[in-house]
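Each chain carries a letter (A, B, C, D and E) given by its place in the written order, and its residues are counted from 1.
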Amino acid sequence: MSTRAQQEQRVTLVQASDLAMDFDVSAPWLNRVLERKGRQVLHAVDGVSFEIARGATLALVGESGCGKSTVARLLVGLYAPTRGTVQFDGMDAHAAFRSADALAFRRRIQMIFQDPYASLNPRWTVEHIVAEPLLEHGLATGAQALRERVAELLASVGLSGRDMAKYPHQFSGGQRQRISIARALATHPEFLVCDEPTSALDVSVQAQVLNLMKDLQRERGLTYLFISHNLAVVRHMSDRIGVMYLGRLVELADKRTLFAAPRHPYTRMLIDAIPKLRDTGRARTPVQGEVPNPLSPPPGCSFHPRCPWANARCRSERPQLQTLAGVQVACHAVEEGRV
Amino acid sequence: MAETSSTPAAAGVARWLDSDLVHSFRTSPVAVGAALIAFVCLFCAAFAPWVAPHNPFDLSTLELSDARLPPAWSEQGSRKYLLGTDDQGRDILSAVIFGARISLVVGLASVALSVLVGVTLGLVAGFRGGWVDAALMRLCDVMLSFPAILVALLIAGVGRALFPNANEGLAFGVLILSISLTGWVQYARTVRGSTLVERNKEYVQAARVTGVAPLRIMRRHVLPNVMGPVLVLATIQVATAIITEATLSFLGVGSPPTAPSLGTLIRIGNNYLFSGEWWITVFPGAMLVLIALSVNLLGDWLRDALNPRLR
Amino acid sequence: MSLLQVKDLVVEFPGRRGTLRALDGVSFDIAPGEVLCVVGESGAGKSLTGAAIIGLLEPPGRIASGEIRLEGERIDGLPHEAMRHIRGRKIGAIFQDPLTSLNPLYTVGRQLIETIRTHLNVTPAQARERAIALLRDTGISAPEQRIDHYPHQFSGGMRQRVVIALALAAEPKLIVADEPTTALDVSVQAQIIAPLKRVCAQHGAAVMLITHDMGVIAETCDRVAVMYAGRVAEIGPVHQVINHPAHPYTAGLMAAIPDMSADVDHLYQIEGSMPRLDAIPRGCAFNPRCPRAFERCRSERPELLLAGATQAACWLHADAAEGVRA
Amino acid sequence: VTLRVANQGDALGMDPHSLNESLQLSVLGNVYEPLVTRGRDYKLTPALATEWTQTSPTTWRFKLRKGVTFHDGTPFTADDVIFSYERAKGEGSDMKSYVGQIKEVKRIDDHTVDFVLNAPFPILPELFTQWHMMSKKWCETNQATRPVDRRKGIENAASFRANGTGPYRLRERQPGVRTSFVRNGNYWGMIDGNVDEVIFTPIGNDATRVAALLSGEVDVMEPVPVQDVDRVKNNPKLKVLQGPELRVIFLGMDQKRDELLFSNVKGKNPFKDKRVRQAFYQAIDIEGIKTRVMRGAATPRATLLAPQIRGYAPDLEKRLPYDVEAAKKLMAEAGYPNGFEVKMNCPNDRYVNDSAICQAVAANLAKINVKINLEAETKATYFPKILSRNTSFYMLGWTPSTVDAHNVLYPIMSTPGEGGRGQFNLGSYSNARVDELTAKVASETDDKKRNEMIHEALKIHQDEIGHIPLHQQALNWGAKKNVELVQWPDNGMPWKYVVVKP
Amino acid sequence: MLAFILRRLIQALIVMVSVAFIAFLLFQYVGDPVVFLLGQDATPEQIRALRADLGLDRPFFVQFWHFLLNAVQGEFGLSLRQGAKVSRLIAERFPATMELALVAATLAVLIGIPMGVVAALRRGSWLAQTLMTLSLLGVSLPTFLIGILLILVFSVTLDWLPSFGRGDTVSLGWWSSGLLTRDGWAHLILPATTLAIFQLTLIMRLVRAEMLEVLRTDYIKFARARGLSDRAIHFGHALKNTLVPVLTITGLQLGGLIAFAIITETVFQWPGMGLLFIQAVGFADIPVMAAYLCLIALIFVVINLIVDLLYFAVDPRLRSDGGRAH
């Protein structure tokens, strides 16, 4: 481990403790009374704790619907958590979002959204889209300066300044994603939440974007929460990786450790499912079984219906995230040494 | 880009002239035609005293003996009155021009007001949700049950009770208010529906993360994306408002009979359809159709032009 | 004989400020039962190629020249009705987003049966049988019940499988799949690609698979086409292209893939970006970014040239291919 | 033979005592009958009473017709008269003014009654023409002894059904839609006409009503809008019956307040100056209004009385001439050489072309520099407003329901005061002598003296220009050529005289 | 579902009470019924007595309270003008208005939707442009003028159709229907057309706008890619998806039709509620106005309820448990 990382790991920028987000998806009051149903709550995120050091990257991986985006939204203040707190630079982030100088605070945290098309206003030209944060935070004065800055930002993500007058629908998927990255970078944030920023990009552009992000991290000490399905990308980008399953963290480890020795059965399945580039034509093992319904998660360890090592305890008792041999993992089997 | 133009203003104009909107306008004959008609209507209405051959609102110039003359080209017609006269001896041509003035003001103002109120409330209801939404929607239900006629009577009654010495200005205020009071509901509902969809889209969330204030998000992001149906309704509503104005004037709420609006002219002329004095209603009617057509065609064009995906 | 032949395909967007040439002389062919993957920079024209083949270019886009042949018959410029019979029957399509590809108001069964009955002369009962079989083939459990469910009752991965079933409904000879797994996570991705491949093999259908995911390419394709700026830069057997790329752009692409087994601080990246379609440089479109460009690259446009087992549009192989034009 | 009649409005109820409104009384006059009625020529004729004599200044004896039965078969007797009196006088009745002079009704025998009055009242038989007889027994069995009971919100059978003695009986009633009547086979008298069935339909919209006549869907309709008279006349199958109506249209001015409510003249009331009133009068082009606005369907008048009214004074029928110059001079003399501004209130759906008349007046007055702010509105809001005297200058039309001059002198020309005096004198014109004469006219039994007093009062009012009379409007009925009708000046349509020729 | 309906009914109640409240609050300004109730010879004492009789001298909230108490028992009092029970008057008029509005709505929907579809599919064509422009005539001419013109042409000049009233009706219990007789239909044609013209334009334009949106969605593109027939795509897939927003507006408009009917009913002397109402306004007949307004409020709420239930029928996504029900 490099000394730089060591130094920085001591300064925690973002700390989530026992973060939880419930969505009330219950039927309206009268229906519940008449149909004798209780409230229905979807625990999209259920007690997630982690910290990210300044200048470091935490990656979140996991199946679709496991709550990654929800964590991201909690961090940028789009949702107010049902439970738990987010500390940003020592401050309670959600208090700060509501405080008087929320704007100044917002500027420090930005997000790149999952869907490159939906996250761009279809009626705005790219120039407007990218200029909005600049204007909002007063980062550029004068029309000329603004246009130059926008052009600069576009260039930094590999787009031409001459594309400014076009509308989002006139770009390819990858180009759109770059526009949304340009927008996120406009305010020089310290912490960037990236929700699958490269899923729609081809590898060369992906490389550009990832390199860009890394460069920014190096130059400005940017901190990332990085969400991706692509484990190769995750491995390249992150320092630490959290694996989520049905709203909970099941494993949180240093990336090398995680890839070298995945502990949790789900992590193992995930890594097995990665397509191998160099041996073409070989079918990989897909993850078995269907994702359980998040509204009625299985009792005990929520992974047990798909887990080959599940036993009676797994079916009844919910495992807690514990540090086992330097890795945080929530699994009875690992704890008992069965795997 | 900068080197082609000398001053920033000229550059601005040049860029504007080169913009897609202007271009699509220039290439659409329908839009140009409609704009031309609209312009002529607006011009005539705005400069009515100079354009019209007579001043039909100046009672002292009316001659009862000239009442109900047919258009100039028919046998009994008089050169003095190109399109004939009505039952009071008003020159129809001038009356149409002056009447259009009133109708345009009332029509445009009431639609503008109801769009303003309706869109705002709809946006707020859709964006805030919860009890604000529920309350506003119930308010809509309540408002829907009141026909414009009744609302006008009520408002006029209240207005008169509060300001017994009211002048015409108030009368117009009452008109505009009562037409928009029943008109805004449609906009509110439509906008609310679309807003519910739009507010969950990621571009809105992106703006929130950027720190854009909710009001600004509503205005700059959500609004343009929900305006499509609003434009359809609004352009149609201009004509309806003009007609409603006529009905209300009849009830004694709006413009006095000595200063008839287009709608009033049509309504009065309507009484003379059977007796053969068709010109009293046909010319104002044609004017109204012309105004409605041009507004609607412009609206159609604008809606399509403002939607970048249709270009 | 090849199943699909695309020759010198040119697609243009007439616009206010001149015509935009989005595809410029794309040629390739696909053999029956073959899986051809298409990769390339985003905006290179992959989706357009697919759209042109199924005849669904969105106006004002149009095929300006070139030909597309299916089983030897020209299908570009076919009248609307004739093309409709080819779509679905001969060529199936799968789009990127499983959420929006299905009509939310109809059950998947209805959509399947409708498609089957449009193209095949069967009774409703037979069509339903077939629909159930298709769902089962694509790996949906309990298809008898699932067939009467609405799209929103399925998970993303299952929905994408339904889309595959729909594309296969009338046993087309060719399937054009435009980024069918981009919206899905790795574990589900595997659940999609495997049945797609299996079912195509069973039905003997060829596949044109557009994707960014090199892993998928590696495990699925027979041949790969690499596109750049509206042209095919390289085309050849998957092994060859991945391991011994002949075109410098392909080489860059391969190098840019993050490696699972090695730690690098910086990924390899091709400097610069793809030129805008209205400002493609003279000669080889890639020349401003190419580390190995020389004089000829800047003046003369290369055609596809034989380069070992693959063909590449690069003057580097001019000598090797001397006169042997593909 | 079926007669299809269309009218602007509908009879609001079938109860003859519930509403003193001309259309309702006109329709019900075919079903119910009063003691005294009017004949073809609008002269008084016996109806349910065969003769009447004044036995003392305050007592009248009426002999009732024998052998008359109600539609339900019960015979008509003195008890029914007494009952009808009680009913018309009692709570919920709108006919109190017709029986208000009566102190007591005495039953002499089955077919004779005495009416004892509070004071001498010479025109009692005239009042009786609008007071219809109802059956005591029927009302009692149908719980209709009161016209309406609004407080309890209970419906009254008599508003939907009818049981009179008249030539037609009610068959079916759909309020506001159609009401049909059939000939009474047991009618006591002669039915001159040949109509067996009458279908009465209200059609509110003028154009629709005309269209219904033009397309032959109705046989008779009224009123024909004046602008459509020619069109109907020109139709070979149709004709227009025109006749004078009792109503006179006039303008009133606020002559009481020291400052007008709605004017730019402050600190004084220009209408208190007779010169101003005369200037207004002379500035109005009454002929122009007659020919252009009314298309000839009006007769200009110089007093507020129509010639058909008892007490009419033909020698006062001379209007001040229309003379703009004179009017201007008068204005200058009065101190308004540049005119002034005043608001005029006007209904727009009450009288024939009311709003158009007001506009013409406004245009006329503009020539003497008076700027009129015309406020024309629907009757629903117009009447409450002017009746509360919130007006400076207004239009009104008046039909004396008793067809007697007193009914004009008392509500319109007298100083507003107790009871109904001056109730419709909305500008509060006031002259002590007129008040005095009006009081005397009420009880004077000598016709000649009475007429002289009326004449004097009218003259004073005319000289002082208490109101500005305009014209008497005309009745316009449209009918098929083959229908012969009797048209009463109070707009009554007695169906028993209607003959439909094949 | 039951709960949903119940909730709506509670809301309806609140709405109706507020409507009545506002109405009462303002009625004192619309005119004075007493003036019309008494003849011109009535004395001021009589007027005062009647005023007290009617309770008009009491403070408005006392009046309102009495109204509410009665309304709860289904009693709206006596019409001041007609002396008849308001509930009966309205019940007599209700069928006429409903039949008129329903026929007009059906007409507007049956003609408006296909015209909207055509205008969308042929966007920019001559036919579409003409349709769009012609339809504007319908909204720019006042209803009363259209009505009179129709009468002038079809009744007076051509003598084809009757000009006023409802014609023969058949009683079905308390409902009197004109739809079962030839004469009834003949009387219905002109007013229904007059009433429908405005709605037709609106529906047509809405359908066009929505259709244009839907035609660009992925599932339409996918349906095309499956080679479905144009009919199936346009009317099966696209139209059904435009239905949801169109339903909302059409529903609202149906309520609007009933309100709009006031003018049409006046012109054609159609014995419906609108005519009753406008007469009531002319005489300041407060009980009738109050009852009418409450009924209109109820109708709007019921229509909204039906529209929402139709949503459930049309859009399966709303049916799912725990989904975003209302």
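As a working rule, contacts are C-beta pairs under 8 Å (C-beta built on N, C-alpha and C of every residue); 3 or more make two chains touch, one makes a residue touch a chain.
Quick caveat: nothing in here was measured; it's all calculated off a predicted structure.
Considering every other chain in turn, the ones in contact with both chain A and chain E prove to be B, C. Counting steps between touching chains, the shortest path from chain A to chain D takes 2. Across C-E and D-E, the chain pair carrying more C-beta contacts is D-E.
Centre-to-centre separation of chain A and chain C, using mean CA positions: 30 Å. One finds 52 Å separating the Cα centroids of chain B and chain C.
Once the centre of each chain is set as its mean CA position, chain B and chain E turn out to be 24 Å apart. The geometric centre of chain B is 44 Å away from that of chain D, both derived from CA atoms. For chain B, residues touching at least two other chains, in rising order: 153, 156-157, 270, 273-274, 309. The multi-chain contact residues of chain E, meaning those touching 2 or more other chains, are 30-31, 148, 152, 156, 281. Residue ranges of chain B in contact with chain D, taken from their complex: 58-60, 62, 64-65, 67-68, 87-89, 153, 156-157, 164-165, 167-168, 250-253, 256-258, 270-277.
On the side of chain D, the complex with chain B involves touching residues 206-207, 210-211, 214, 225, 227-228, 230-231, 261-262, 285, 288-289, 292-293, 348, 355-356, 358-360, 362-367, 369, 371-378, 381-382, 390. Of all residues in chain A, those touching chain C in their complex are 62-65, 158-160, 162-163, 171-175, 199-208, 210-211, 214, 229-233, 235-236, 259, 269-270, 273-287, 290-291. In the complex of the two chains, the chain B residues touching chain A come out as 2, 201-203, 205-212, 221, 224-225, 306-309.
Residues 73, 76-78, 102-103, 106-107, 109-111, 113-115, 118-123, 132-133, 136-137, 144, 167, 169, 180, 183, 187 of chain A touch chain B in their complex.
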